[in-house]
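There are two complexes below, and they share subunit A, which is joined by subunit B in the first and by subunit C in the second.
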Partner chain A sequence: MGDSQYSFSLTTFSPSGKLVQIEHALQAVGSGQTSLGIKAANGVVVATEKKLPSILVDETSVQKIQLMTPNIGVVYSGMGPDSRVLVRKSRKQAQQYFRLYKEPIPITQLVRETAAVMQEFTQSGGVRPFGVSLLIAGYDDNGPQLYQVDPSGSYFSWKASAMGKNVSNAKTFLEKRYTEDMELEDAIHTAILTLKEGFEGQISGKNIEIGIIGADRKFRVLSSSEIDDYLAEVE
Partner chain B sequence: MSIFEYNGSALVAMVGKNCFAIASDRRLGVQLQTVATDFQRVFKIHDRLYIGLSGLATDAQTMYQKLVFRHKLYQLREERDMKPQTFASLVSALLYEKRFGPFFCQPVIAGLGDNDEPFICTMDCLGAKELAKDFVVSGTASESLYGACESMYKPDMEPEELFETISQALLSSVDRDCLSGWGGYVLLVTPTEVQEKILKGRMD
Partner chain C sequence: MSRGTGAGYDRHITIFSPEGRLYQVEYAFKAVKAAGVTSIGVRGKDSVCVVTQKKVPDKLLDQTSVTHLFPITKYLGLLATGMTADARSLVSQARNEAAEFRFKWGYEMPVDVLSKWIADKAQVYTQHAYMRPLGVASMVLGIDEEKGPQLFKCDPAGHFFGHKATSAGLKEQEAINFLEKKMKNDPNFSYDETVQTAISALQSVLQEDFKATEIEVGVVTEKDPVFRVLSTEEIDEHLTAISERD
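After this line comes the complex of A and B, so read on.
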């Protein structure tokens, strides 16, 4: 990029009005493993590839999809350690909200606070932006919701979204397949089909992860045998 | 004389059928001298949530200002009004923040929650919540108020009857307390309307 003179310091705008570090952070996200989320009429599903660097890695110890509160879950694309820091901070903020109001935090508020943290790291000295985009999925009094938060700190509510390596194919596929009145089960099938589109190798319950939340408002990560069952249905 | 008895106050809130009433006296004193007879102790947070603050008048006013501030920010951020239970938790947290140098006031919170369910609670000056299904009282006349409410209260009263009951309970209790009285102020809230009434009792 012609702005390379301005890419050393995070807090300096380039002449074209960009913060180059954030552009680079988005590159880090774009080369991460694909993840996606779909909002159904009665729940939300998030899914991600779980490609491990070697067959020697114990896949049961790796969990990419995590809970922020019992009714809000999150998946990322990009740098895993950065996402762990964000999840930790967001969990603490959710608990602080609960301590003050004795009410579970609404998803919009948690997303806003997470995004504020990410924005802080684009305007402080000596730090770098987070190299992750997050898909936050949850179910609260306003129904099922899906938000994407980017390294710049901007966030959007999505009906369906994808991030990472295969983002453009995945989004095209989702645009074709998405319907407003989709049920959660249909959404899970669509999520699996979308991941399959760009998947290198044989897809199985061991190399993808799926998290769902329904009207029971309990976010849970599916076990690999449950994923295998869904894969069999989709074949 | 205790700091809670410096200004004198009487507050009571009662639950009726899909409605609630909150009432206070109107005297503001400086120990034994009466300084005002139209002092406001019951404040609106939003259309369906009211708080009465007894105890030291300056702390009551400051607490009210802090709570309105917090609620306005909440409304802007969350684009909705606070539920009464949530508000009570907020008041409790704010009071406890000053655990070792407290605000000398005792709030009485009354509101209509989801499904027009009435909610009342009171707490001490450190934020210990006391939820009740029937009535809550606070202030220098609280002992008389407890007695009067206990004997006059019936569950599921209609708004008119609730108004009569709470007015009688308030007036008879403040007559037994030299630091509170000089009339009463009653607020009756139903899902469709809010009625404010001034009571004339013994003006001493």
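After this line comes the complex of A and C, so read on.
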């Protein structure tokens, strides 16, 4: 990738040994809309704010939480267009794995390959790093899993994590509320409460998005009326 | 070597600034405004209408060759606001893409698929240093077989959304404020109301009444899902209806 004209990397070391482009990319993530994920004992939930630039935007045309495979979903914080590139590449990689092994790709493998793509863009010529952090949630033979991938390409497995504007408050809130034996339903309530903490304005099923996966191994995005029901329970 | 270390090159190519911004993309947005033209799009119950100013800077120019409304296929239209040369390049590629889609998959390229393709192309230019972002905001309109009338807007950053109504160009924000008031209660505009809302929005925002030759209007309707540019006579009818209404 990158044109021959730009066969030098744009991400180079500073004298103090830092890769400043990656740090700037993390800034872009940090000014993005808040998103979070929680791993429960029997599933995973991811949630994000869905603040649209105007009421004229048709919110049914926008879906921030995407599927990578039927049992793996992803949410991002940061630059939407960049996340679309990663989702597309990951979907293809998942299909290639399946074609070769006739088995759904394990979550760790998909995360590794997605992270590798993100790392490539910090080292290849003529390209900039991705301005997104991803939360990848899924359920496979190793149970429910939640991974966070950063613009640098590094990834970690999390019990619960948050990204974007309200990250520090959200993480503090999650640290207090998280328990190892949480069920998926509790996790959904906690996710909503965490989002509510830093939410500006009136929270509703139209301006947040929630994706869940349980032991049925089918990742799905909740409809806005389902979210409204959960919001009523949480009140 | 002073190259892309945040020491000034973040303004020349699309690498991150220290605050995590892409200056080249922000400048591309400014280029869209610099063309000096405002465009409006409105989606009704069973139709979509887009309107733009037709500024002919020189009387010697052939007016018929000055246009920002491009049919991509028989059923899909694209209104390009911003740099005309970039717009033509984009339209040319979009036409190719839509034709290949029809050939490969056997059905017409839907509005949202084309918009996504345009937006993904725009994203590539924001990430690869060898190409600058295009200074064009595109509004794509068409009738979707399953979802009905659709209006999408794609911008130089690679974002794209479906809209009930939207605007692009010089007076974008004023137009959006006007349209938000009009569309607040989810009105289901008929074809005539859709066209007239779009035209009157433009008139209100630019604070001038138009002659039919000074604007371009493009429509698609469920009855006739072909993308059509209205003739001057048809535009005149709508202008008359608007002035009689007020």
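Just so it is clear, the second predicted complex is superposed on the first by the 225 of 235 C-alpha atoms of A that agree within 3 Å, B and C clash if a C-alpha of one lies under 4 Å from a C-alpha of the other, contacts with A are read in each partner's own complex, and residues count from 1 in each chain.
In the analysis below, a contact is a pair of C-beta atoms (placed from the backbone, for glycine too) under 8 Å apart; a residue touches a chain by one contact, two chains touch by 3 or more.
Predicted model only: the values in this text are computed from it and were never measured.
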{"item": "Simultaneous placement of subunit C and subunit B on subunit A, clash or fit", "value": "fit"}
{"item": "Partner chain(s) touched by A:Asp58 [first = subunit B, second = subunit C, both, neither]", "value": "second"}
{"item": "Chain touching more of subunit A, residue-wise (subunit B, subunit C)", "value": "C"}
{"item": "Inter-chain angle, subunit B to subunit C through the CA centre of subunit A, in degrees rounded to a multiple of 10", "value": "110"}
{"item": "Touching partner for A:Pro106 - first (subunit B), second (subunit C), both, neither", "value": "first"}
{"item": "Overlay on shared chain A, then closest C-alpha pair between subunit B and subunit C (Å)", "value": "25"}
{"item": "Residues on subunit A lying within both footprints (that of subunit B and that of subunit C)", "value": "none"}
{"item": "Touching residues on subunit C, where the partner in the complex is subunit A", "value": "1, 3-6, 10, 13-22, 43, 112, 116, 119-120, 122-124, 126-131, 152, 157-159, 161-166, 176, 179-180, 183-184"}
{"item": "Contact set on subunit A toward subunit B in their complex", "value": "99-103, 106, 108-109, 112"}
{"item": "Subunit C-touching residues of subunit A, taken from the complex the two chains share", "value": "1-3, 5-6, 8, 10-12, 14, 20-21, 24-31, 52-58, 60-62, 79-82, 84-85, 88, 121, 126-131"}
{"item": "Subunit B residues within the subunit A interface of the complex", "value": "77-78, 83, 85-86, 89-90, 93"}
